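Each structure below appears as structure tokens.
Two complexes follow with chain A in common, the first pairing it with chain B and the second with chain C.
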Partner chain A sequence: MIESIREIDKLPGDYKTEIHYIGQILEGRGFDTDIGLQCEVQLEYGESWMELPQKSDTPMQTQTSYPGKDEIFVWCHPVDLHFATDSIFGSPKLLIRVWRLDDLGRIDLFSYGVCSLPCTTGYFMLNCPTWRPIGNWRDEAMSFFVGGPPKLTNEDALNKNLDLRKKVKTVSSGSVYIELEVLLKNFEKHWTISKPLS
Partner chain B sequence: MSLLYGTRENEDHQAKDFTYKAETGPLAEGLPEDYKYPDDGGLTRKGFQRKSRLLEPPAPISDEPYDPESELASFLYMNITGQIETSNIITTDLVQVKYTFITGSEWDLIDGKKSQESQFAKRIPGSNLVTWNMEFQVGYRSLSPEGWPVIVIELRSPTRTPDVNQIKGYACVHVPTFPGTTTKIAKIFCPVKDTWWSMMKAKLWGPQCEIIEDPQQIADCEGREVTSVFYSGQVNVTFNVTQRNFERFGYKTF
Partner chain C sequence: MDPNKPNVVLYPRDDRIDYKGPKPSDSFYDSNLRPTVPGQELFDEYKVDHVPILQGSLEDSSYFYIYISGQIEYSSFIDSDCLMIKYKFIAGKEWERIYGEPSGCSQLSYKSRSSSPKIIWNFPFNIAYRSTCPRGWPQITMFLVGPDFLGREVVKGYTTMHVPLQPGRHERSAKTFTPKSSSILVQFLGVLKGKLPELVDPSRTLAEPYGREVIRADSGGAVNIVFNVAEKNLESFGYTIKKNIL
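Let's look at the complex of A and B:
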């Protein structure tokens, strides 16, 4: 139980810059299927960023949603992240993979997406459009009739090595909506990063 | 000779003759005793100063300005009010809303009730909206913003047996982190069994919801990889948030 927080009693950890991301992975729109979709989200960040309290090993995976009214896929997966940093470079990004669940219980990778998280305070509704790679006419016919759309062989093309993207042909897919609120701690002493008052 | 009240001649010795207009005359007959000014001698300026010197001691003289950071044992405080307004869920039944606030382990409830149930509401045949206008008021304190409060909404409708309710869907939304009034849209999802027959029923007659008794499971991430869900509308919620001590902890939220 903390009894007092005078300046003398503050620890060096109290002066560190921290970010909270609070929100939900809301929904997906514009996907042309009647079959259930699932969204898997993986975090990537630079070396000087630290995830509190522990580093998470598994990516976040949402529930499978079937489209009801208006062809909207609802996930509503809660997101509560806490980072501590020493430098702003290498700010966190989300790698999004959308999976499709058939009637027979098969799971296919449906589309990819990358989204970088904001570093200013406020409320954000992020719209991340997704895409899927294309193969031959043979691969497309197989994926239409049998299942199993083409996937990326080297997934560094998403974020780590963007030079590999020159060799990829893609087709566009739906978009994923993420609702986030950002809280910054102690940023004013080190960087002036905040929304200007209107 | 006309007497002028408040002049130098009549300052003190005429104080007993001084009355307000309402104390005498035809308007004062029905007035209770409390509304008539008693004559303490405090109606003149000198008498008022004499009285105030007795009641209030003089303020202590200090050179340093007040430092709010010198107070002990401070927390982050938050006051959340608002209402669950309307929704565009597709039913012709009566629908009831039950809300619960769910937080992490560090947040303590100071004021208000965590969960309440509303009335059973129906929509007009021509329009889309079901209105509840259900108010909530809740106060929290904590030491860190982890486990930010979440409002979990359950939608229920009555069945033929009394006191047994059938669930239409669940929705959940985070409380906004900045002070002010905001309206948020919560999407309703309806968890459904994975069997073939329940999927056919869902496509033909509408999804039949599974019952989740603990609202903590709806706000959590665990167990979500195995559930399948239908979308059935949205709920509009407005929040009014005020905060205290967030700047002292280092957070600037506005």
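Let's look at the complex of A and C:
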């Protein structure tokens, strides 16, 4: 049994706790529009987590998809993530932003969402409901007739600084479906509850 | 198989499908050029007269092995009456294919006149891989091809799907999409010429998460697939496996 995080650092690589997330950003449903939508997914994780083989700088962005007869936006975007970790705290979350591409070629923000990733082995169909902020009646009228819906000026309100959430008024939107399979390495014996080093 | 021959033949290193590197030529997938030792003894558990495992053979505990068999069953594609499906398996850098065909092309199948029309192919596949890291887990990329109104072959859908990670029998469904023309004029000319928009290198474009943001696509139907997955050595690498998924 491992007692301190220093001891983990001495472990050879084969005994580090690792986690694989393999799957797809499948589709969007219930967005109630017929123009193209694209989904941007950004990773956020704690200090004791390390992304392998290197930290990704840019968020994943799917194709622009137009709905079919069943009003499903198919993205079909593969996800293959690999993390090594010293502690279970700060497990990865996905920050989801759905953008819309209208007929004039303008790209506007459509909705936000946060989705935390599972921590057990298995197959998961994650359903992430999304929302977008609303402004006053003038902003809403502007966005309805002209375009350019209101968006968050400080995106820390998504996950980092949750105190900001109580200042935001939002309206519900559709949901993003993410299909993930999780594969854990050495979690049964070696996973630890310890605070990050700093 | 000749038992006198040492069982040391593996694929040439260029045969591994590479996400970033140069594309291997299709001649590697020609069955005449493939070595005649497919690693069958790994998967025949009850075979009595098995070939003795020699040094440097496929049985190597520094790899884990995954064997995938299954079939592409049917598609519920609303817009088309008849379709053909092509598949290609693609895996990451560290993965080596040790058995089976990586790509295939099914028959052209028509809808029946039943109340719930499906396009049934029932097209089987068998493939085995070995690797040391699950990163770049194999994906099956599929392209739906069908005739247009003049009988020319056009692409009617693309989709991709990861092979299931857990052993057992899995029934999965993959939604398809079709690339969209950049303008109405190009779309009109494309329909006349029989050249609808296609992806240039489809299986790598589908399997990679990069560069997809430039595509605009229409959503289409779905393809149903059955996977039977068997895994070896994955537990001795420390990975958690759920045993009883059936």
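By definition in this document, the second predicted complex is superposed on the first by the 179 of 198 C-alpha atoms of A that agree within 3 Å, B and C clash if a C-alpha of one lies under 4 Å from a C-alpha of the other, contacts with A are read in each partner's own complex, and residues count from 1 in each chain.
Quick note on the criterion: contacts are C-beta pairs under 8 Å (C-beta built on N, C-alpha and C of every residue); 3 or more make two chains touch, one makes a residue touch a chain.
Not measured: the values here are computed from a predicted model.
Asker: On chain A, do chain B and chain C fit together or clash when superposed?
Answerer: Here chain B and chain C cannot both sit on chain A without a clash.
Asker: Have a look at where A:82 lands relative to chain B and chain C in the superposition and call it first, second, both or neither.
Answerer: Touch partners of A:82: chain B and chain C.
Asker: After lining up the shared chain so the two structures overlap, which partner does A:69 touch, if you call chain B first and chain C second: first, second, both or neither?
Answerer: A:69: touches chain B and chain C.
Asker: Mind working out whether A:20 is in touch with chain B, chain C, both or neither, as first, second, both or neither?
Answerer: both
Asker: Could you look at A:117 and tell me whether it touches chain B, chain C, both or neither (first, second, both, neither)?
Answerer: neither
Asker: Overlap the chain B and chain C contact sets on chain A and report the shared residues.
Answerer: Comparing the two interfaces on chain A, one with chain B and one with chain C, the shared residues are 14, 20, 22-24, 26-27, 36, 38, 60-70, 72-74, 76-78, 80, 82, 101, 121-123, 181-188.
Asker: Can you tell me which positions in chain A touch chain B when the two form their complex?
Answerer: 1-7, 14, 18, 20, 22-24, 26-27, 36, 38, 60-70, 72-74, 76-78, 80, 82, 101, 103, 121-123, 181-188, 194
Asker: Of all residues in chain B, which touch chain A in the complex?
Answerer: 69-70, 72-74, 90, 143, 145-148, 150, 171-174, 176-178, 182, 187-192, 196, 199, 202, 207, 219-221, 224-233, 248-253
Asker: Which residues of chain A touch chain C in their complex?
Answerer: For chain A paired with chain C, touching residues are 14-15, 20, 22-24, 26-27, 36, 38, 52-53, 60-70, 72-74, 76-80, 82, 101, 121-123, 181-188.
Asker: Which chain C residues qualify as touching chain A in the complex?
Answerer: Residues 78, 92, 133-137, 139, 158-162, 164-166, 170, 174-177, 180, 206-209, 212-221, 237-242 of chain C touch chain A in their complex.
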